[in-house]
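Note that the chains are named A, B, C, D, E and F in the order they appear, and that numbering of residues resets to 1 at the start of each chain.
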Amino acid sequence: MPLVKMVEYRDAPPAARSVFDDIMATRKTDWINNFWKVLAADPPTLARIWDNVKRVMAPGALDPLTKEMLYIAVSVTNGCEYCIHSHTASARAKGMTDAQFAELMAVVGLANETNRLAEGYRIPVDPQFLPK
Amino acid sequence: MPLVKMVEYRDAPPAARSVFDDIMATRKTDWINNFWKVLAADPPTLARIWDNVKRVMAPGALDPLTKEMLYIAVSVTNGCEYCIHSHTASARAKGMTDAQFAELMAVVGLANETNRLAEGYRIPVDPQFLPK
Amino acid sequence: MPLVKMVEYRDAPPAARSVFDDIMATRKTDWINNFWKVLAADPPTLARIWDNVKRVMAPGALDPLTKEMLYIAVSVTNGCEYCIHSHTASARAKGMTDAQFAELMAVVGLANETNRLAEGYRIPVDPQFLPK
Amino acid sequence: MPLVKMVEYRDAPPAARSVFDDIMATRKTDWINNFWKVLAADPPTLARIWDNVKRVMAPGALDPLTKEMLYIAVSVTNGCEYCIHSHTASARAKGMTDAQFAELMAVVGLANETNRLAEGYRIPVDPQFLPK
Amino acid sequence: MPLVKMVEYRDAPPAARSVFDDIMATRKTDWINNFWKVLAADPPTLARIWDNVKRVMAPGALDPLTKEMLYIAVSVTNGCEYCIHSHTASARAKGMTDAQFAELMAVVGLANETNRLAEGYRIPVDPQFLPK
Amino acid sequence: MPLVKMVEYRDAPPAARSVFDDIMATRKTDWINNFWKVLAADPPTLARIWDNVKRVMAPGALDPLTKEMLYIAVSVTNGCEYCIHSHTASARAKGMTDAQFAELMAVVGLANETNRLAEGYRIPVDPQFLPK
């Protein structure tokens, strides 16, 4: 049960509805997922976060599927159930195969392990790795 | 200062030296970075972790640069200084551009933000996102 | 399902019951929430943790509502479902408005984003920020 | 050493310089801290993040000092050295006393402890805490 | 609902079935828990992770119960529901008493608190603690 | 550089000095480490945290070395530099061998990996693991 009341499209005030419309138009879908319905309880936050997502996740130097997989990597590391489900669904919709997902998870698992070995042993950064 | 003495190539016992040789051969480099010198204080762990890294980071359904970027996404989320430096250097060596790095960082930052909004508001997962 | 059996008031040994009584007297409530019922399986821990909570959350240089909001900020960052619910309920009981909660969540989200940008880019601390 | 070259005011392209100017005007200061100099390597990200910070940290239902303290609570929980220093300096500039800082740290420490007790014991959320 | 289809023993391909057999033989049990059924969707990962678990958790300089308790300490700190349940069950099967579990949880809680005090106050490491 | 001025023994007010004396008597040492000198800026917090540490880390159902190793496991997972150094030094003083430390680190690394696999794949808890 979310901590604020979710705002449905039909009940959304104009400031939220125009964001909902832009989300659906940008994503070429006809429904709004719960993340946005919750943020709509505070329309300025809804508009601000959507603006950030739209810009950051747009195709650029990285393709959209790579960006979704990076999102999954962060969400798994943080253990965010909602974000794991939503971004895995999104990555699959963008073409992520079972084999790619399995490798993604293997990298995330391993990185979490070696991160702790590096932190735990207090390993000094090699000068060769420092930016010039 | 690391918590165990780093093992240099010239001082490495045979079990560690053969791993060092495989690391350099696999990576086509002529030096060993501190992560492996520290693990070499415990040769079975050195061999085990290298075996994992070699398998998980090999080209497969995901290309090596994508895997490095996923590694960076995890390392930044965990705040692991050593891993951020080593995998950013590695990603750059595999061709990551400044623009790709900037977008990677933007995605990681945003994912950490929206992870907390989703967790904090206790947003229920949409049935549409659940695996079939 | 909790990992230890929750201790109800009527079944509590004297050492736990006296803590329960103090919790209800301090908070001016007539019920005990599950956190304390679980800790009551180990009465010395129950008494120790309650003593800490009572001291730390008492009004002081910071008012009780600000303290509850700080608690929420930590709990959201850690993704602790129980703590998010219990401290949000507590903050609302102390007068937190919807607008305050929305701003709190916006700050927590943003801080998690910029934390990762600062860590990820390895930004050096400005000398101006260091304590004198 | 940061992973990208910091952009100084005198070298900033117009898109970054106008953000720098707005930061100094908004904050009534005459210098730019390293966080922004690093982001300036990617002007669209600089502008986007500054726009978020400016909106989220503006006075609203919560006063600016409370917002800074929430920022510190998150930054301490994440162990972000840069953010701890910068936001503690900022909170002090906004009037945070030694006693307030000590209480803030005590709450953050305790919340991290009880978060783990709640998660670790798998304590079920009391129905009384759920939103109506 | 897991993100990939769990593989039951009767449906497992030979590569997964031989790992399942080794898990049951090593643990002297007659069933496979969900963690391995999920990994079996990707047999090389199943074999790799099991090989790591088998080696790392084998009796050595530390006894198996101590290793399980360390696993719980990490899992509680990360808030991993599955791992908390599975390793607590495993530790209990290895003889962990209620009193030991309560002390383990108390240490984990306290360590999470003092970790944040140390990080938050930016406490310098005493030279006496550095390795010689 | 710590965020508050460290209090040396010779400058400590009586409330802090008596805690310092108890720390040295309990630990049979003749010096105070920086953690306590920093907390001494706020004597009630110094007394409260020391009281917690003294109780939780005392021998009980778990021996003091096991408790130190659990502390290290948490500190490595959180990446707390100060705590890793101080508790590793303490564990070594209590007899932790190189082989035990290597196995501890291996368990912590692996647990962080499998935690993420379990969280990431959203693996359901087996009914067999639930408490009776």
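Keep this in mind: contacts are C-beta pairs under 8 Å (C-beta built on N, C-alpha and C of every residue); 3 or more make two chains touch, one makes a residue touch a chain.
Everything quoted here is computed from the prediction, not taken from an experiment.
The set of chains in contact with subunit B as well as subunit E comprises A, C, D, F. Over half of the residue numbers at the subunit D-subunit E interface are used by both copies of the sequence. These two copies of the sequence, subunit B and subunit F, are related by a rotation of 120 degrees on CA atoms, to the nearest 5. Centre-to-centre spacing of subunit A and subunit F amounts to 34 Å, using the average Cα coordinate of each chain. Look at where the CA atoms of subunit C average out and do the same for subunit F: the two points lie 21 Å apart.
Within subunit D, the positions touching two or more other chains are listed as 1-4, 48-49, 52, 56, 77-81, 84-85, 88, 99, 102, 105-106, 108-110, 112-115, 117, 119-122, 130.
Viewed as a network of touching protein chains, the structure reduces to a complete graph with every chain in contact with every other. Listing the residues of subunit B that touch subunit C in their complex gives 72, 76-77, 79, 81, 84-85, 105, 108-110, 112-117, 119-122. The touching residues of subunit A, counted against subunit C in their complex, run 3-4, 41-42, 45, 48-49, 78-80.
Across the interface of their complex, subunit D is touched by residues 79, 84-85, 88, 98-99, 101-102, 105-106, 109 of subunit B.
In the complex of the two chains, the subunit B residues touching subunit E come out as 1-4, 44, 48, 52, 55-56, 130-131. Only residues 1-4, 31, 33-35, 38-39, 49, 52-53, 56-57, 60-62, 66-67, 69-71, 73-75, 77-78, 80-83, 85-86, 88-89, 97, 99-100, 102-104, 106-108, 110-115, 117-126, 128-130 of subunit A touch subunit B when the two sit together in their complex.
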